[in-house]
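Next come two complexes built around chain A: one with chain B, the other with chain C.
Let's turn to the complex of A and B:
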């Protein structure tokens, strides 16, 4: 099998680093060179790394805001509907829409739906749960959840070339460079 | 002169994590409790005792469902007995977990990292124990879904103007958000366990729980955003929960309940009780599992200081209750406070003051702050004191309210005590299962802490 057909079958090439600084350097350089389809894997969140691999605009906060607004409106109008439309109770002529007493429940439903939006929105944007992912085919990748830092350049990238990309990654003193089976 | 004072300050600032730890050593040490280390004898003993108490709860609840709430001591005029006392006590204990995980996160208090995981678990289990009581107190627990608003053939709705309905929403939202917060925090650690276990079945279970987490930089970014936003949402939530709980009392016209100081005083009391419980649990946990490197003396001292501060607020609350009763010149209010001081429940009241106001004062002395045993004993006093506080608020206010002809006495029956002890069993059983199966210290946040320590040295 020649190199070219092998390259299209691979998911990508992955380098293992033992410090976050090396990983950050490699990611920044890769982005500078024009690599776009890549991702870094780390045991804990590292500042500036998402930007280095090309992450742009976070939309999660907006999703949470929308969740909060929907929660607040639903909570209030549920109480309004129950007390004014569905089952109005006239108690000494007091107003049916007694909004101050509807505030606590409105507040709670606001928080509840905003929290749902934050958690489920985050998982959805991350594409989780995901039962299978090619990066796990590298046995050493188990250390990504312990003390090692990985950078994977994917074969879908326009600049991807098995030998050149491998060579590029080897220049950053990685522990090793692996081919990732799809 | 200046030199020595600097040195002293340096000595007082012990690290939050003992030096010499690396990403690997932290991961190994915390995950070994769950994965490789042999389950210690004390775990079996503790779990066994807790499980027996849990079985007692089962019997108590079964008999309650069979016979009705007549088996409890509640009757007119004290219709809110142990059920509400225990509910408020447990809910209050839960508050420290959210405070540690959310409020201290927003305030950038790094020391929360090694205690937030099990404090959050404590919150969840305390809310579970709390939720039992009002649900059982309805008398027909199988109809408890009536508390939720849903279109039904009876054409009825819950009364949204009632604090009791607000409570349903507050507590169920609190339980849900606490669970989400806890689970979100756990996902990267489940991934660590998945990658480290050699057992096929536990690999599968932790794999499912971790949802395929792979630590991608982009994922981490969204993850941190979500975590911070959740903390921001949980912060007003936790304040609202005990405020709404206090509305159950404050919205009524019963002397001793109808007070505007109740919401802040209840919230402070909740945090007070919660930190006492975190200390009660953290001290044995760090001892038996050798986690002294992660849960250091400085953690215990910080928690003791928060306990002292909130204890002083609670003490101020007691003072204001007495002052307002006198200043109001309302005879029922005046009688209520005199009845607390000198009435049939005076021993409970004075013990409450000894436990909640006097006991925490020892924390002022650095000797007490440096002694694990002393902190444990003080925390136990506070646990008891906070239960007595709720007993006093509920019982002394109700048993002699307005008409002397309607006065009465209240005491818990065997089944009241059995249900209470059983709820402690439920709480501890869940906690023992938790420390056996789930890392009780957040591994990935500890790695962040190590990275920060390294950064400081450079």
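Let's turn to the complex of A and C:
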């Protein structure tokens, strides 16, 4: 089998690093070179890493904002409908649209739908639930939840070339570079 | 990082300017005090409450920082410490209020108290000697915390003794607790008792959170100016401003939460002993001021500070912070002034002169204190992680 056909069969190439600094450097250089389809895996969040692998403008905040606005409007108009339109009652001479007393519930529904938008939006954007992922075909990848840092450049990337990408990754002093079975 | 000499000329200039503005303001206020003493005390109280809020807010946020020790706090630690060292000035400036008590507070006039059953009942607490004693006592308590926090932090600059960080950490929690209790009493005495019939249990916390907003905004303005020049240029990073922006957003939301809680409870209860406070403040010009405050103290800055870009740019963030300082004045004006003019909006030129006069002197003392030490707590062992790679 020649390298070209093998490359299309692979999921990608993965490098294992000892430290977050090396991973960050490799990711930044890879992005600079033009690699786009890649992902980094770390045991804990590392600041600036998302930007380094290309998450320049996360869209989740906007989804959460939309959820919050919908939640706030729904919460307010639910109460408005109940006490002004559906079942108007004179309570202590207060106006039917007693907006100050609607605020706490409006606030709660705002938070509720914002939280839903955050959780389910995150699931949707990450493609979860995902029972199978090729990166686990590398046995040492289990260490990504312990003390190792991984960068995987996927074969779908336009610049992907098995030998060149492997060579590129080994320039950053990785512990090892693996081929990831699909 | 240690060399403060590079920035001394800039700080000197700031101090001179502040002193000039302060001198002009104090002169104008003094003239006003002769022309219309009754208006002088009202305007003076308004200005005093704002600037003393910065001093006490600095103490409270400094305590919070020593307790939790985040990167955001180390960057503004020296700004906050300098803010707390204006305490002697504010204690001195409290004297005019003592002289003006009969002008300011209904409960300090025996002829009013003798005909009012409720005030007669409250006179065990609201009387002139006890009021003065409480003020003296609170200043003494604050002075103890200010003294030790500044002493230990300053000593660490010289000796690089790691155990001082531990001392500062352990004083932070108690200091914050004591601040909350004492500033609550200060708010009740100095501001809430302007309307001696009225009471609100959340009032003190509302003012404390307001002081937190002012202090954070002020610290952001100062640090963003310092970050433009050596030695701090390039040292203070975007992530620090991001944290300050987030904190400011949290404090603004908390302020809105307190304000709404008080309003909601009093509005729902609609009781004759509570509701007049809002009736006076929601009619005519005062009502317009209330709406402006809701918009510019909460809604507009809330959305501005939601946006990430605004928090990561020192320039934009400091502009937002300046606007917030202005609305803090608006909020305090709305809280204090309707007590004296319940039937309609009233403003006097002394309402500008007094805050500017006190403010100029305050800022001059602040800058004078700021340039006396390194701009960062350079020998704190926790400082290294603050400037780790972003």
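We adopt the following convention: the second predicted complex is superposed on the first by the 177 of 182 C-alpha atoms of A that agree within 3 Å, B and C clash if a C-alpha of one lies under 4 Å from a C-alpha of the other, contacts with A are read in each partner's own complex, and residues count from 1 in each chain.
Here, a residue touches a chain if its C-beta (ideal position, glycine included) is under 8 Å from a C-beta of that chain, and two chains touch if they have at least 3 such contacts.
Being a predicted model, the structure only gives us computed values, none of them experimental.
Asks: Please work out whether A:40 is in contact with chain B alone, chain C alone, both, or neither, and reply first, second, both or neither.
Replies: A:40: touches chain B, not chain C.
Asks: Applying the document's definition of touch, where does A:102 land relative to chain B and chain C: first, second, both, or neither?
Replies: The first partner, chain B, only.
Asks: Of the two partners chain B and chain C, which one touches more residues belonging to chain A?
Replies: Residues of chain A touched, chain B against chain C: more for B.
Asks: Tell me which partner A:112 touches in the superposition: chain B (first), chain C (second), both or neither.
Replies: A:112 sits against chain B, while chain C stays out of touch.
Asks: Once the shared chain is lined up, is A:163 touching chain B (first), chain C (second), both, or neither of them?
Replies: In the superposition, A:163 contacts neither chain B nor chain C.
Asks: So in the superposed three-chain picture, is A:92 touching just chain B, just chain C, both, or none of them (first/second/both/neither)?
Replies: After superposition on chain A, A:92 lies in contact with chain C alone.
Asks: Touching chain B and also chain C: which chain A residues?
Replies: Residues 61, 101, 104 of chain A touch both chain B and chain C.
Asks: Quick one: which bits of chain C touch chain A in the complex? Just the residue numbers, please.
Replies: It is residues 239, 260, 263-264, 267-268, 270, 306, 308, 389-390 of chain C that touch chain A.
Asks: Inside the complex, what are the residues of chain A that reach chain C?
Replies: Touching chain C: residues 21, 24, 47-48, 61, 65, 92, 94, 100-101, 103-104 of chain A.
Asks: Could you list, by residue number, the parts of chain B that touch chain A in their complex?
Replies: 22-24, 27, 149, 155-158, 160-161, 163, 165-166, 169-170, 173, 176-177, 180-181, 183-184, 188, 191-192, 194-196, 208, 211-226, 229-230, 233-234, 236-237, 240, 244, 247, 444-445, 447-448, 451
Asks: Of all residues in chain A, which touch chain B in the complex?
Replies: 20, 27, 39-46, 49-50, 52-53, 55, 58, 60-61, 64, 78-79, 82-83, 86-87, 98, 101-102, 104-105, 107-109, 111-112, 114-116, 118-119, 121-123, 125-126, 128-133, 135-136, 141-147
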